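These are the structures in question, set out in turn.
Next come two complexes built around chain A: one with chain B, the other with chain C.
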Partner chain A sequence: MVIQLLVNGLGMGCIYGLVALGLVFIWKGVRIVNFAQGDFAILAGYLLASFYIEWQIPYVISIFIICIILALVSVIFERLVYRPLKNVSSVTIAVCTVGVSIFLQNIFQIIWGGMFIPIPSIFGSYLIMVGDIVIRPEYPLIIVVTLFVIIFQQYFLYNTVQGKAMRAVEADRDVASLMGIDTAKVVSTTFAYSGVLTALAGIMLAPIFFLSTASGSLIRLKALAVLVMAGFASVPGAVVGGIILGLSEVFGASYISSEYKEAISFGIIIIILLFRPSGLFGSTVKKKV
Partner chain B sequence: MKRSILFTMILVFVFGLPINCIAGEEIRIGVMTTLTGEAAYIGEYAQDGANMAVKEINDNGGINGSLVKLYYEDETTTTASINAYRKLRERKVHAIVGSIYSVKVAAVLPEVQKFGGPPIVVGATSPKIWSKETENDWVFGDRASDELVTKLAVKFAVEELNADKVGIIYINDDFGRDGLEAMKALFETRNMEPAAITSCVEGDKDFTAQIRLFKQVGCEVIIPWVHPLEGGLFVRQLHQLGMDVDIVGPSHFVSVQTMEIMGKDADEGLYSVTDFVASSEEPKVAEWVAEYIKLYDREPALFSVFAYDAVNILAAAIEKAGTADPEDIRDALLEIEVEGIIGTFKANPETLNGLHQVRIAQIQNGKPVVLQTIKE
Partner chain C sequence: MLNSERNRVLTIIIAVILIIIPLLIKSNYYIRLINLCGIYLLLTVGLNIITGYTGNPNMAQTAFWGIGAYASGLLSIKLGLPFWLSLPLSGLVAAMIGVLVGIPTLKLKVFHFAIGTIAFGQIIQLFFKNLEITGGPAGLKSIPTPKIGNYVFDSDFSYYYIILFVIFILISLAYRLEHSKYGRALKAIKESELALQMLGINVSYIKVLAFGVSTFYAGIAGSLYAHLFTYISPDTFSFFEAVKVLTMLYIGQAGSISGAIIGSIVLTILPEALRFSKVYYMAIYGIGIVIIFAYLPNGLIGLTRHPKIRKYIKNLGLR
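Our next item is the complex of A and B:
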């Protein structure tokens, strides 16, 4: 059963990590927290319900289309919410993203209704049996997709011109602009990439979470906790943090108390922050006064 | 002689005709339900049922010549349910169809007592709400209390299914905790105790830990005292993890939405102590279900039939009262007996709960089948 819990915890942790990765990229690019990120993931799930289930578009093509749509939605979000307010305080922008979250939840209800939408697994009723251990194939798939994303974006950020531009804008936007980098375009690309990450997370979690209009709130809470634990701007931190949260939830519920599962997992985050206030992978910035 | 005739005519006029102080005006019935949020599907079903009832009433000329109009308020959270009640009071509704959530009814109850009405018919089932010690003059119930439901669930698990090891998973809110306490007390009366007790919280998606416990202990029957989404996911994962065990669930376990979440095959053989079975062969139920499907092109759930019956109960009370005065309606609710789709409503004068009937159903070949109907 320990291996069972390990696989489930890793799987859930990777989902939280994928959504948190989307948050990390937005933070790295523009230093804001997007409180609507969880709802973007749910949007991907709802789109999967429409494309793959209702309209019977093949799964892989559906994923491709959904990633493009989420990338576009994220860019529109950047143009309509972030860009007009970028010179205002980040708190104001964060509050606006809360408004976007509420807006999206209501749009989901108008378009898809208030009923839960079960998304069938692409694996049907197939389960991976290893002795007594029963593993849902979604969980290993999530782990594989997360590994692929990490490998891809490490390559992208360090070996491509666009990736280096994103890192330059994150380091110092003004200097990047002086170097001839179109910072506005880079920021839009960052949002678009964040949208794709979130789309993948939403597609992976849809068969597990069962879509409802308010599911985004739960995911947002977990992803934000991971973001804080990871140190806000750390890509490996988001994944590691997600896995820590996922494992602590599953093992805490199993060996301590299912009733206090959330308290246990968030308690662990608090302990980590007590010892590492800047997060697991965050760095302390010293300012001269 | 002329004076006595005049006096008699006045007496006949005053007492012989129904006094309808709202003649020509609408009868306002408020509906508190979850219109948004994770439980928005409950609100959708409730609207179906309530609108269907009002359409029938108005097509038949309304109540005492006055047409009925519904006013909906959202009660996504407990705080929102108190606000919803206050808003309906401001609208001066004559009566309310209240929540199906025990935790929300418990939150609103003190407000209703404090402000004195209007009368509310609710679908809450927590024994604490329907206890004789609870101060309640205005809130009536149209579903069997969990006191009866848990008694039958435990009895069925131990006597009919011959289980020695019964596991309980409860949701950590008023509904779940009150149900757990009631079941623990019932086991005590049988000199038994549950083999395993575990819990979950609203929004939980993974039940591996809880299933692990039941597997370790070797439970033969599990009683999940949880909400629809959590219950559906729990049964689904129980099936996926290959645990062959009997399940005796609460009323919504044979509801179309919960069964959809459980998945085909996962729910086969599952038992439920329930108010309503959409596939029941009882003529009144079957006729109503057919009419509902014709109107809404989908199968009804417990939430729709509760709202339908609640509107009709209030309509019957208003008709009997002859006025739309909340106190008169409340008094009429204490007197009337109404044959609803769920069962017969007759308010207990001490607790104000009016429904004392449940059905035990089992899912056979993907469809719930009523095994027994029990009236207290």
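Our next item is the complex of A and C:
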């Protein structure tokens, strides 16, 4: 029982972690929080429903197409929402991203209807059974995929020119631009990468989480809770925070009460903001004068 | 001299129009809309005090609205208090909770504050839905309508005057606040908090105070809402509504009372004009927010400073 919960919690946690990682990269790149990120994840899930189930496109190809679409959506979002508003206050941009979220939820409603869409698992009804432990094979898969993403990401950030440019822009945008880095291009890359992360999260989320037009708001709140735990800018913080949230939700739901499961993320937000506003691995970022 | 005389004439004309509005409108639906507009106006003017002046986006203004509504409803139903007492009391309850929320959160940076208020708003909504005293998901029913002596304000037409009266008082208060030393300090926070601290001003104290006043407005708006509809349910006080109020503020102009007024009026009337497109309504609304923010960074009030429009207004002789 405990092992089963542990695996489920880790799996959910990895998904939250991936969505939050997308937010972390956007934050590192341009210092805004995208309140529509949860809806991007849900968009990926809905696209999977259309491609894989309705149009019978093979699974791997669907995933590939969805990642590209989400990267494009994310870059378009950057061009149309972030860039024109770059010089306005960050609050304005935040409200605009909520506008995008409202827009997307309505579009989902129009295209896919207000119904829950069940997405069958790629493993069919196969379950991993060891002794009396029963585990849905999705959860271990999620953990493995997340591990691969993180390894790839570390390689990308530290060993490629693009990755180094991304880190330079994050450290100091003006200096990076003086060093001949095309900051606009790097910001676009950041958004595209964040879109791919969200796509993966949404695809893996779809079979284990009922999709509905409003579930984007739920994912947003969880991702925000993780973002706060990560202190907005810490990559390991996002992963660890996601796992903490996933585990506390699964264990909380089974040992305390499943009705207040959603309250856990809000509780985490409040507690972290009260006691550790700089995040779990808080390196306190001093406000610049 | 001439200018102030013209302003006086304008004020009188506006006052007369506001007073005779219920006599001109025959439809129950439109007068309800106007009353609702007044309630949103209070929410937005209140939000302006914290978000407009200091730039800290309160994404839970509707949670305080809900607190005011439930407080007022419960005070009237359970304790039998008259409306005239529960109205200010509900404002005070909301303000008290506002101060408690504000003390820890206003120390944080802008986005931390925004996320903190989102979490607070959702928790409050969960409480409304799950507590026994608030009536659960079904909400609170049969909230009494206000009365003076034997006269009962049971129609939207008479209720309009209560709202108008409250708005008049609270807006005058907001103007006085804006031009007081506190108002000036608040506006300076957006520019540089550090400089303000250097001048020996207790910034966190002023911010918490402003948050208290801001949530007081929300509480009053909640009380007005509860006694107008005589029925409240948790779904009304959602995150979406909070964003709507924020949008009202930014569409008018953040940091100006007239901006808050114009924004709330425009955003209550505009959706009515969009009703023809029931299905696409929210999509238009969402994308509308983005377009308006991108092209009118200073809101509708900022638009009046555009040279061409300014010239046009000058020709009209209004300024």
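Just a few scattered comments:
The working rule: the second predicted complex is superposed on the first by the 267 of 289 C-alpha atoms of A that agree within 3 Å, B and C clash if a C-alpha of one lies under 4 Å from a C-alpha of the other, contacts with A are read in each partner's own complex, and residues count from 1 in each chain.
To be clear about the criterion, a residue touches a chain if its C-beta (ideal position, glycine included) is under 8 Å from a C-beta of that chain, and two chains touch if they have at least 3 such contacts.
Keep in mind it's a predicted model, so treat the numbers as computed, not measured.
Shared-chain residue A:214: touches chain B; no touch with chain C. After overlaying the two complexes on the shared chain, residue contacts for A:151 are found with neither chain B nor chain C. Of the two partner chains placed by superposition, only chain B is touched by A:253; chain C is not. In the superposed model, A:95 makes contact with chain C only, not with chain B. Of the two partner chains, chain B is the only one that A:12 touches; chain C does not reach it. By the touch criterion defined above, A:105 lies against chain B and chain C together after alignment on the C-alpha atoms of chain A. Of the two partner chains placed by the overlay, only chain B lies in contact with A:4; chain C stays clear of it. Residue contacts after overlaying the shared chain place A:262 against chain B and chain C alike. Set against each other, chain B and chain C touch different numbers of residues in chain A, with C touching more. In the superposition on chain A, A:274 makes contact with chain C only, not with chain B. Shared contact residues of chain A, touching chain B in one structure and chain C in the other: 105-106, 109, 259, 262. By the touch rule above, chain B contacts chain A in their complex via residues 35-44, 172, 198-201, 203-206, 208-210, 212-213, 215-216, 229, 232-233, 240-242, 257, 260-261, 263, 265. Interface residues of chain A facing chain C in the complex, by the touch rule stated above, are 32-33, 80-81, 84-85, 88-92, 94-96, 98-107, 109-110, 217, 221, 224-225, 227-228, 232, 259-260, 262-263, 265-267, 269-270, 273-274, 277, 287, 289.
Interface residues of chain C facing chain A in the complex, by the touch rule stated above, are 51, 55, 57, 104-105, 107-112, 114-116, 118-120, 122-123, 126, 130, 194, 239-240, 243, 246-247, 250, 254, 279-283, 285-290, 293-294, 297. Those residues of chain A lying in contact with chain B across their complex are 1, 4-5, 8, 12, 105-106, 109, 113-116, 118, 125, 127, 134, 136, 208-210, 212-215, 218, 249-250, 253-254, 257-259, 261-262.
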